[in-house]
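Below: a set of structures, written as structure tokens.
Note that chain A is present in both complexes that follow, paired respectively with chain B and with chain C.
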Partner chain A sequence: MGCVSKLCRFSDMKLTVEFGGGLELLCNSVKIHNVNVELQNGAEKLTMKDLLSWIRNNLIKERPEMFMKGDTVRPGVLALVNDCDWELSGQLDTTLEEKDVVVFISTLHGG
Partner chain B sequence: MEQSADVKAKKAGARLCCLCHQKKAALKRPKTLEQICRECFYEVFEEEIHQVIVENQLFKPGERIALGASGGKDSTVLAYVLSELNRRHNYGLDLFLLSVDEGITGYRDDSLETVKRNEIQYGLPLKIVSYKDLYGWTMDEIVKMIGLKNNCTFCGVFRRQALDRGAALLKVDKLATGHNADDIAETVLLNILRGDIARLSRCTSIVTGIYSPNAYRGFAREFIKDLERIRPRAILDIIKSGENFRISTSTKMPEQGTCERCGYISSQKWCKACVLLEGLNRGLPKLGIGRTRGLNNDDKKDTKKNNGTKSIESKQCGTLDF
Partner chain C sequence: MACSASACQSNCYKTQQEEEEAVKDNNNTNSFAANISSSNNNSNSGLCLKCKANQPISSNSDGGDDARFCIDCFRGNLFGKFRFAVTSNAMIAPTDNVLVAFSGGPSSRVALQFVHEMHSKAQKNFDACRDRSLPVFGVGVAFVDESSVYSVPSNETDKVIGDVRLIVENLAPPSKELYIVPVESVYSSDSGDGRERLKKLLDAVGDATGREDLLLHLRMLALQKVASQNGYNRLLLGSCVSKIACHVISATVKGQGYSLPADVQYVDARWEIPVVLPLRDCLAKELTMLCRLDGLKTVELIRSPCTGINGLVSSFVTLLQEENPSRECTIMRTAGKLIPFHFNKIEEIDDSNVLLATRRRQKRYNLKPNESFSSESFCFICNSPLSRSDLLSLKNLESHKTSSVCCSSCQFQILPQDPSSVNELYTLLPEQLFARAKHENLDHYSALREQIQDCLLSEVEDET
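Moving on to the complex of A and B:
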């Protein structure tokens, strides 16, 4: 867990992942998840692309197609990294850091 | 140590709001592609709504206005923005929250709680009208009678009138409902596609209410969200084309009359709700579903002409209203 030496090599990263607007229904109705995401061997950083595939494998319990389309989120799902729309941080290429908060909100479940 | 310095560098490099040049940008407006902060977004959003209200002279001082309230995001924004603008710009309006309880077990419990929160938060009196009070049937009872296949028709038609009736009960001058640009673009598309849409209706898509497993609106919604990803303004462009489409039509519009039975607005002899109710009460629930036959068949020609135009007004399903 976390920083193990002066070289600061992470074996995994602590993140908060939140689901809203109905997406929580895909994860047993749990909205807030405090998670440790393992970095792939040798990888030095974690991107949103990596996180999305991790979420699909580890958090989503049913109907993953409601959350993702291809390797990205389904159109109509907002993604925020630290309260900022991921469009401004590079979408799939956004690099995540320890303790970042990532929020997904579906706008597709009616108003 | 090194790491926290890194973090700072990243945060400092984040782009600033292009309006105030002070706070960190939090979103990109699809409408303008501007990168702006949360506070500036609220400001321009509320100011644009105020401009639309003023330019279109939507309200007069002293009017009583009902706000359709479902507990969802759109109607919550409506309640907040109108009560805020009313205060800020002294519209002099008497505002009320109006909610519809369809009588679907478990479905409205959460949202009615949200509406009650809105009542307290914005200090707006709340009136809840139920299908049972208005029509003698809850949605649960209707589903028991007709099954899951066509119940969206009932729910949508009844809800539209429930708002009208609730508004009459509150003796309000106007009824305001909250819709977002996605809703309207979707409705425009559906109206253009309407001839083919029946074929899509069997496919299952996003579940929008527990009684609407066949909500074909989901397809149009997914399509416009795909378009938006390619071109963020696409949604507003579709709305614009819908507006132009309506203005340029030289087809004779159906005359707006009133229902002979209940007195509400209807272009037919009986309004859709009365036709559906008659069917329910006579044990013929299929009456009034699909192509209009039976009760209104003496003005078949009108029905044909109406098909394209009235659909903008009549919402089909639970997703969008309010």
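Moving on to the complex of A and C:
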């Protein structure tokens, strides 16, 4: 049941990460990734900040500067958590849950 | 609107508290509302600003006002902006034939979708109306294929075109004609020759920005050609705030200040087929978001990144926008204070076929343009209006064709420095550019003649 799975939490989390607007070119043109993210040692929850660095290390195959700038995404990249702008849920501090869908879309596009 | 709370996924009647309880019960079901509330621990998670009932999905800080909308209000807000632009500028009359320029990107995809919604509503009204008095405007879609410029392999081009076809086919009823326009079609001879000439032309332009801009002018030429040849009287572009803001800055940088007001209005009627921009008040971010939320399929084109001024300005504006989400609007609003040209509105038609309501609206919302100088000269390459100082200081390039005057910006960016190379470039340009210049100048000439008609001496008059 719901409460039980919260107690015996596994140390990794299944998420879906999607790329759009041309960003998929940085990940071998794969748009949808079903991933298993391991939480850091002793960490209780996974934030977007953690996820971003995980993505940079594991999914981005080339030109990481096109995706990230420092700790956060590069200007012009729209980040959605479950179809909701991440600015509403705390941006980098957004907590992620099992089976969340995280989408990154580049808004630097033509007409 | 009653619903059984556990099954219903929409956000009706759910309060914050109910949702938090729902999270505990349905931890494994990926309920959209549940996840939002559970991750909303830090931010001020209010409700939708407009309907005050649903959870917001976008933090849309358009023009400094921190609006948070739920999906339906978000969509409604965007469509509202579109519809307002169309009606207040008399962009689409029932007797019009509108060609929508579709690049595959989010902006033009939304433009296409919104036009389709208007189109299908008009069709329904027509079908429902017994006397069939209000005709339905025609809609066509044009896709400019620039694969020859970027040397895209043909199987990728075919896939892109296939995707575009599928998108347009699904936007029926009412059905829309699709035109795949290779950019080399600006040359009148067969396409094989056209590709070669285009390649040579672009190679002859040394400056990267000049090359990109020339390609944009050719793209417009191709769109104008297909619209004109197929009986369309409106060309609809999906240009949004973000794109216009970038244009404002890059035009300023390129010394195109005089012609800038012509490019940033809702309507641009200097072309043979007037160009309308109904998404002029929408941000790129909003349009991208809408495509995502409504599952509007877009097509990504493989293009080399813009390397010159255009790319630089685009990154700059994006950075500004990131720091302050009202920047793009501010840039556009500032440029909007420039006085538009007389051709920046749809000509008022006294034709009784045009609805009285449309004519009234035109009168009500029309900006007061600069009426004094009603006839302009235009650059034959980019079709931008030429200022008096431009005309005076121009080295008149008469060697190849007369009446082909060029703006100082095109001269600097596109034309080479020495006269012999210029002649060579002229042979590579499409004939249509020269024909257009000649046609416009003749119009200009006859318009001027009409104005001073009374003062002219008749050739037959006696000297006494």
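Methods note: the second predicted complex is superposed on the first by the 104 of 111 C-alpha atoms of A that agree within 3 Å, B and C clash if a C-alpha of one lies under 4 Å from a C-alpha of the other, contacts with A are read in each partner's own complex, and residues count from 1 in each chain.
One rule holds for everything that comes next: a contact is a pair of C-beta atoms (placed from the backbone, for glycine too) under 8 Å apart; a residue touches a chain by one contact, two chains touch by 3 or more.
Remember, predicted model here, so these are calculated numbers, not experimental data.
Colleague: Here chain A is shared; do chain B and chain C fit on it together or clash?
Modeller: Here chain B and chain C cannot both sit on chain A without a clash.
Colleague: Please indicate which partner A:20 is in contact with in the superposed arrangement: first for chain B, second for chain C, both, or neither.
Modeller: The second partner, chain C, only.
Colleague: Examine A:88 and indicate which partner it touches, taking first as chain B and second as chain C; both and neither are also allowed.
Modeller: The answer is both, since A:88 touches chain B and chain C.
Colleague: More residues of chain A in touch with chain C or with chain B?
Modeller: Looking at chain B versus chain C, the one contacting more residues of chain A is C.
Colleague: For A:97 in the superposed arrangement: first (chain B), second (chain C), both or neither?
Modeller: After superposition on chain A, A:97 lies in contact with both partners, chain B and chain C.
Colleague: Examine A:107 and indicate which partner it touches, taking first as chain B and second as chain C; both and neither are also allowed.
Modeller: both
Colleague: What is the contact status of A:75 with respect to chain B (first) and chain C (second): first, second, both, or neither?
Modeller: Touch partners of A:75: chain B and chain C.
Colleague: Could you look at A:60 and tell me whether it touches chain B, chain C, both or neither (first, second, both, neither)?
Modeller: Neither partner.
Colleague: Could you tell me which stretches of chain A are touched by chain B in one complex and by chain C in the other?
Modeller: 3, 21, 75-76, 83-85, 87-89, 97-98, 107-111
Colleague: Residues of chain B touching chain A in their complex?
Modeller: Contact set of chain B toward chain A: 2-3, 6-7, 10, 14-15, 24-28, 35, 38, 70, 72-75, 178-180, 182-183, 206, 208-209, 218, 221-222, 225-226, 228-229, 318-320, 322.
Colleague: Report the residues of chain A in contact with chain B in the complex, numbered from low to high.
Modeller: Contact set of chain A toward chain B: 3, 8, 21, 66, 74-76, 83-85, 87-89, 97-98, 107-111.
Colleague: Across the complex, what residues on chain A touch chain C?
Modeller: So the residues of chain A in touch with chain C come to 2-3, 5-6, 20-22, 75-76, 78, 80-85, 87-90, 93-101, 103, 105, 107-111.
Colleague: Tell me, which parts of chain C touch chain A in their complex?
Modeller: 24-28, 30, 32, 35-36, 38-43, 45, 55-59, 68, 101, 103-108, 237-240, 242-243, 284-285, 288-289, 292-293, 298, 300-301, 303, 314-315, 318-319, 321-322
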